[in-house]
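For reference, the structures are reproduced in the following blocks.
Shared chain: subunit A. Partners: subunit B in the first complex, subunit C in the second.
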Partner chain A sequence: MSKYILKKEKVVDALNALGNANAVYIPVKNKRGLVEYKELGRDAAAADAKFDCRPDVPPKAILFPQTQVLFTFKKVDGKIEVVPTEPDDREKIIFGVRPCDAIAIAVMDKVFIGGKFVDTYYKARRERTAVISIACDGPADSTCFCPSTGGSPAATEGSDVLLYDVGDSYYVEVVSDKGRKILESLSASLETPSPEQEKRKDEIVRKAEAAEGFTRSITAESISKLDSSFDSKYWDDVSRRCLSCGACTYYCPTCHCFDINDEPGRKRVRTWDSCQFSNFTMHTSSHNPRTAKAQRLRNRYYHKFKYSKDNTGRYLCVGCGRCIALCPAGLDITKVISEVK
Partner chain B sequence: MSDEKIREEAKKALRERGLKCVIGWSADGTPLFAETEDDIDRLSFNKDCANNLVGYLTQEVRSQRGKTRDGKEKVVKPVGIVVRGCDSKALLLLLNENILSRKDVFIIGVPCTGVEDKRAGALYRKCVKCAMRNPVVYDVLASEKVPEDEKDYSEIEAIENMSVEERWEFWEEIFADCVRCHACKRSCPVCYCDECLLDPTDVAIRPDTTADEKAHRPRWVERSVNVRENLLYHLARLPHLAGRCVDCGECERVCPQRLPLRLLTAKLEKDVKEIFCYEPAKEEGQKPLIAMSKMEDENEFIM
Partner chain C sequence: MSEENHYIPHVAEITSITQETTGERAVKTFKVDFKDANVQLKFKPGQTCMVSVFGKGESMFAISQSPTRGSLEFSVQRVGRVTEMLHELEVGDEVGIRGPYGNGFPVEQWKGKNIYFIAGGIGMAPVRAVMNYIVDNKEDYGELYLIYGARTSRDLSFKAEIDALEQGGAIDVRRTIDVEEPGWVPLDNKNPEQSKFDPSSRKFTGFVATTVSAMKCTPENALAVICGPPIMIKTCIASLAKLGWKDEQIYTTLENKMKCGIGKCGRCNIGGVYVCVDGPVFTYAQVKKMLNDQ
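Showing the complex of A and B:
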């Protein structure tokens, strides 16, 4: 595997160089102190990139926008004509992704393009997107728990390149061919790692493997309790303080449910949906199998930790902790699962 | 400390009044529904107790209502709640609007000197200068009353002094960032409608709602999340809150995008005060603004 060094002082130049041929997304702090991904050159400058924290907003919307016009339609000579939306076919690089969010992209890939039915809208964006991640040196936030979900602060899954912060430089590890090609365009900025830098990188990997520093966790044992707690009164109790808002799902890097509506202007629009909203499961017949918020909340945890695991072999949670940080009612997914009875 | 007093009064009321539960905060600031004396021992009030719990009170009382099989009204067990000054204003408004009945609630008031935003590690903006630190409706107070500040509208005045273009730009930038997770609406203690015309994700459809009814239901706000729809959502909420919103700031607290939503609600409160000389939840038994008119009300739109 190819290894390089990218000096931090050269990052701005590297980002700008990448920006010449690609749409580059970097985490930046907005006016209100929220760290979110913005497009370089359009909404953000390379010097504003903020790589020292877990962004408050995951990069999900770059691949799966919250609002996406699928097509428009018009009437021509009494006939309906469908006009497809121009796809966003620019080459994209998401730079500075955290390993949990990169894994989340791999999870979304499985949903949208990994099965029998391929989502062409997602595919168009995903195929042209490269992910350059930065390994976390221990938990990036007090709400993090990625090791519990099969992830790791130095996981490479979903990434094309993984960077390790080794002090005044990033240790650069190539993960995929896509990543190799991107680095070729940066070859002038790259150097060879010193033994000292190798050692520093190995230390980050060791800490990641040992899951050092994490205060939150979910054990396989608590997850297995889900097998027998579907009808438990526990869900009524724990959901009492849930507000049925969409914060947990909208900020979740793996939540991918959507709704499709025709809107004025003759548009067919796809928007994010949330299983916490009461109309999420509303049938055409007016029957709604999940009218109570306890049922909806339970569904979210079952989908993340049981249905998904049973059906695809992996959790639908990457342990980023954003739902914990953002829940207006202070619900903590690690506590909810640990206390299942 | 007020914690002992809260627990003592909560236990007493649980025993003597047969409360269904007491809604309060645990020491880490998360909402707690205490049903037993052991639960009550976990009740606390400190700087981390930021949630307005009044919405839960409506939930707990309403969920008990209805008719029994033989057509009689079900018995509603009273529900206890711990409230700060701002929360108590919202609670009083619900009492005045007959959403809650005074006999259905037992109120433990806690005078408050402000709560902290953990993300910022500082007091919430609404708490820095606060004109409602002391509960206005309660059965017992858990501690001594504290001094209050004058209401500060300087931020609102700064926006009022902007040109129309500046103001548009200011708000457009804010509304562009809204993701319409509906946390503001769903945490709002005075937003208690079963169905909201501004929320296309929560339309009240019962099993007997006909296809015709569904087909002809107007959709005021689209599912698309963009400045236009977001603006409609936020601005159309405001007139429904006029004379009702007590500026408790819960909408701003829960917003994951950290949008300064209190700039809207405080402006609303200021306008209602200036135009109609009305302050919501000022006293028990007060008529709703929407149910009264005075000769001196501004009425150019009629003439």
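Showing the complex of A and C:
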């Protein structure tokens, strides 16, 4: 694996250089004070990049936009012609991704590209997207629990390049060919790591492997209790405080439920939806399989930790902790799963 | 494009419309033809399609005709926004079709068996597709029966077609309605087994499940296909169970709200089972194993 050093003082130049040939997305603080990914040169300046925290909003929307026009249609001589939306074919780089969010992209790849049906819109964006991540030096936030879901603060899955913060520089590790090509374009800014920098990087990896500093966790044993707790009264108790607001699903890097509707202007649009909304599963007959809050909340936890695992072999949760940090009712997924009965 | 974009419907023209039933919840059967001659839909009986009314939306429907009959048909009950719009369309109007989706009926596995088709209301749409398929391959299968129920005699769809099948001796047909009408033999819903059942009668008043019990459908070398409202499916399964049927011999179709049809939108799952891709056809043994998520 090739390794380099990128001095922090050169990061702004490097970002701008990448921005010449790519749409580059970086985490910046938005007007509401939340850190989210914005496009360099369009909505953000390289100097505003915030690389010292877990962004409040994951980069999900770059690959899976909140609103996606699937097609428009027109009438030519009274006959309908469907015009599919041109796939977004700009080369993209998401820079400064946390390892959990990079893994989330790998998980989303399974949903949208894996399996029998390929999602054309997601795939078009994904194929043209490179992920440059920054390893976390211990948990980035008190709500983090990535090691419990198979992740790690220094995980490489889903990333093309992984950076380690070794003080005044980033230690740069190439993970994929895509990453190698991007670094080639930056070669003028890259140096060779010193033994001291190697040691700092090794220390970050050691801490990550030992899951040092994490205060939250979910054990495999509590997850296995889901096998027999579906009909438990526990879900009624646990969901009492839930507002069914869907914040947990909107901020989650792996939640991907959507709706499809025709809108004025002769277009069909896909929009994010949430399994926490009461009309999500409502039949035309008004029968609703998940009419109660408890049923909907249970569906989310079961989807994350059981259905997805059973169907695809992996959890639909990467332990980023956002749903804990942003839940207005204070629900904590690690607590909910740990206390299942 | 090399890979199919599953969200893009193919434009199709309505080539004929049959008014199956009238009233508030009328049923119409639409026959459609793709505008682009290169588009061909290879489907199995029991599979479904998303049908679009452009500008209004799309809904999932069972393909209601057998692939052996060379036409693509949907039988639509008017119940809401999209189905109302469909009912206003005329021959020559255009709709969008994407699919086929779902698993379909395992007709290959059924060879050599006696088959009881049991349908209620619009549940006759998928049953018609698989029944016509089996009839068209009759030499591969055993004895065939249809038990078909609706609220009144006017609510029975596909009348001429079913009459013709019956008269041609292809299939033994029993019709049932909920409310008594002259000429329809009453059965006792409370004591189905005690109901007098005259095998020469073809028309009964009583629930579909009552007819199933009264007729004493025999499980030997047989299977049953039940489609209809949930309560009908449940009662018919109970009737069959009393007659000694095993869960594995009973096939049914499930419905859930669907948006994508391709296992992505997260809406149609019953536990970890995605009805749009894993179903809609399941054996009752499979249904029983599902989580209580309905």
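The rule we apply is simple: the second predicted complex is superposed on the first by the 338 of 341 C-alpha atoms of A that agree within 3 Å, B and C clash if a C-alpha of one lies under 4 Å from a C-alpha of the other, contacts with A are read in each partner's own complex, and residues count from 1 in each chain.
The rule is short, and it goes like this: a contact is a pair of C-beta atoms (placed from the backbone, for glycine too) under 8 Å apart; a residue touches a chain by one contact, two chains touch by 3 or more.
Fair warning: this is a prediction, and the values are worked out from it, not measured in the lab.
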Pick one for A:F71: touches subunit B only (first), subunit C only (second), both, or neither.
second
Using the touch definition from the top, say if A:N299 reaches subunit B (first), subunit C (second), both or neither.
second
Of the two partner chains, subunit B (first) and subunit C (second), which one does A:F95 touch, if any: first, second, both, or neither?
neither
Name the contact category of A:M282: first (subunit B only), second (subunit C only), both, or neither.
both
First, second, both or neither for A:Y4, with subunit B first and subunit C second
neither
Which superposed partner A:S244 touches (first subunit B, second subunit C, both, neither):
first
Subunit B and subunit C contact sites that coincide on subunit A, given as residue numbers:
259, 261, 273, 280, 282, 287
Of subunit A, residues touching subunit B in the complex:
30-34, 56, 66-67, 237, 240-241, 243-247, 250-251, 259, 261, 263-264, 269, 271-274, 277-280, 282, 286-288, 325-326, 328-330
What does subunit A use to touch subunit C in their complex?
70-71, 73, 79-82, 84, 111-112, 115-121, 123, 230-231, 256-262, 266, 268, 270, 273, 275, 280-285, 287, 289-290, 295, 299, 302-303, 306-307, 310-311
For subunit C, which residues count as touching subunit A in their complex?
1, 3-9, 11, 35, 52, 54-58, 79-80, 94, 96, 230, 255-257, 259-260, 262-272, 277, 291-294
Within the complex, which stretch of subunit B touches subunit A?
28-31, 33, 51, 55-56, 59, 119-120, 173, 177, 179-183, 186-187, 200-203, 205-209, 214, 222-226, 253-254, 256-260
